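Should a chain be cited, it is by its letter among A, B, C and D, assigned in written order, with residues numbered from 1 in that chain.
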């Protein structure tokens, strides 16, 4: 029984009313890698909810989520000191890239969460990268959560209320000439990833994207979360959530 | 916890505990070892396997209710041959009876699986999935007593292994198919599979059909086992909405010799442990044994059929 | 709230709104006036009446689940004759179509009720309860297409009033009985009645059988209406687990021309009002009308049967 | 729509950890009479829960309940200012007795609630009566809630931890010689009422008892709450909860 855990909430913060950051006692084995997620019983919904690991130290695990519906609503009401029923860490992870490559992280909306973890890892590995991050509007922008470090940040909002008035994918494309990219790590809504995939394909850029499907088991045993790939249906929870963008049959 | 007293025989099938995983939420059998403690499980069961590898239905495949789930996996699996070459040997190491669930689009497909697997070592029983509501190209076999009888009869001819008939609850009277299965020589019944349901998705304005499982089906599943126990004399594995220790015991009281956990094995991986503990406590407090409480409160069971 | 646009015709049955009470949770029809606003109800329906006054089953008769209820009332009622002399005149004052639900231990009993009531003024329709799971002395008529056909055929001979066939969901395929009812001349189908369930009471160590209703049965009831709508062309009243405005609309999307509220009429007496309001808003926002959204998302409905 | 109400909680008190007293804004019509009850959506259980009206003024309605299971547990967590979804007042009432009769109120356990209301009514009508009240033990005794007034009180507990060491029915029987009773109003557990009925029958005492059956509708329409009487099954919620004890077929 290594992956089913009851973990204590160490601290909780709420940003802009609908974004919640929890630090949990780190009881996870093996040590999580960026891209992996926790499958959490929220109390507000019948099945667990998948949330990316947004950061991890020896002592604590960080999650960051938007209040969307019944599950995340209930989860947002938890207090410091209370416990969460968790399965994790689960899923695969972003592959660690070659040092020599030009790396870009591209986050749309709450796709920020897994990329925060990846960014911290790259920083501690002293690897260079660029961070592209876009949100709907200023009220949805959590750029203050980006880790400190010596890397370039590009911020956009769909309505221009902060940063550039572009989608994050448009921004990424426009900068391509000046900001060379060999490999992309991306997370966010399906349509955003699809658009990004197209650009990467056209520009011959390697890209790994993290998908968000509805999940039941989160453990690879129920076949509930599949996405269509060129190799047939694959489980987002176990074969993913991170996929080489060329493998996915975008719909 | 002394599990010895939870040992139970379902005819020739000897289980360490009466708590079993249900097919379809346990992968190919060895994948949940880092989530639930296998010590508390009486057997290993596989996802339903078909003769050819099966793609399954297009996503989405999972929908949620307040107290349950609807799925339409469509039997995605690697196929029996791949299972036999890649998975079976790992399962044997678990030292538990191995139940292989087999299914398919036609009775012939199912029989082919059994014929092929019958030659392999280490399999204790075949569970014939006669009840999957999610294969759009075929009728549910166990909705019809004759078809149920026929396939079991044929299966018994090609294997000496234990045959479990997994029944559909989407029938007028589950005893009709249960009796047909028994008469054809089934060794054990497994009741029930999922209930035919529908989900409307407001986001994309689509209706999805599937099979409903989880706590919401428990009273109906319990009734199915209760009715079967009054009419058949082979052992019954009770499955459907078991979400707690109490409900596991209720299933046994109604007539189940063992119980299967599907949806709630995922929602609460500690449930097998909790059920075992609860059972042991119950047996101790009431100075009784597991065999004696099977069907204990099913007052209508005819004495004659009690054998 | 302008209710006019909610007027709907189910064949000859004209309803002010598509929101109906379900039989059995509405007494004899006029008892809930100080609890729910009748303005939002399309018709009055009675508890199922039998030829003789019926005692019903011994208590307890009600058991509770997380998301539903099991009952075993056993059709306790005052009998049709007493109903006609004591209750009918009050119902007429409500100025709504009166649907009288009739049932009994045998088809003959049911037909006797219809024959007797047919001579009374003010009744718009008979709902034949062919699906009560709680009468221990008889089979459920609508579990069998032949019996369903026969009784409807006979009923149509003795009355010109509208005949509604209330169907059991405890079948392999509800279309078999739905089609039988349609072929015999039923004007409207009502689907579904309760699901056969079992409850174990830990206090007195007893098992109780009964019929399950409430939110937990909704996905199955919705599926039943969805299947029926694809196969029959008479209107369907969708009943079963409707607990919210959204679920009422989903039932209409699946193919129901009107919806019935049983359990949730009691739990939330404001639900009829809320459903009417929600429907009106929906129709307005989507520039459509009630008739056009019946079966709107039931893509499988065959064009030929659409008449 | 007169009997379905959303009523505000005016105040809340908890006694001995498991007994809860709520005062609700009185929005009820018609004005409740002793014996009637409210059918309350607790939030903790699927169906409503019946609770006797334990008192009533122009402005407030009082209920008093023991935390028994999921429904009353959840109900106990409500706070002042929050709202309750209520059907009521429902049920019949204790018949107002003849002034010339010797009246006894007999309450077992939470049967206290409806009899508190009746006692207040008798006091305000300036009628004389005796109050017999018994509970399991001191921890279950709420005798401090008995209304002030010039009437005789007899208190017992099953284990003798307070008052006389008798069941309330035994106590009532023993006092019969000294404390003449013509008519009894009683509420409490079924077995207690059954024993009391036997005594009343033997001593030719008129008695009205309030029954507690599981109820669904509480409105007389579902036939779910029946009890067997000499006149067939009767609905506890509508034909009762108060019955002439001779009508009931005790089981």
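By our rule, a residue touches a chain if its C-beta (ideal position, glycine included) is under 8 Å from a C-beta of that chain, and two chains touch if they have at least 3 such contacts.
Being a predicted model, the structure only gives us computed values, none of them experimental.
Touch-path distance (fewest steps) from chain B to chain D is 2. Think of each touching pair as a link: the shortest run of links from chain A to chain C has 2 of them.
Mean C-alpha positions place chain A and chain B at a centre distance of 37 Å. In this assembly, the C-alpha centroid of chain A lies 58 Å from the C-alpha centroid of chain D. Among all residues of chain A, none touch two or more other chains. Residues of chain B in contact with at least two other chains: 65-68.
Viewed as a contact network, the protein chains form an open path, each link joining two chains that touch.
Of all possible chain pairs, those that touch are A-B, B-C, C-D. Of all residues in chain C, those touching chain B in their complex are 65-68, 70, 143-144, 170-173, 195-200, 202, 205-207, 209, 212, 215-220, 222-223, 226, 246, 250, 253-254, 297-299.
Against chain C, in their complex, chain D makes its touches with residues 1-4, 41, 45-48, 87, 213-217, 219-228, 232-233.
Contact residues of chain B toward chain A in the complex are 24-27, 31-32, 34-37, 47, 55-56, 58-62, 64-69, 71, 73, 76-77, 214, 266-267, 269-270.
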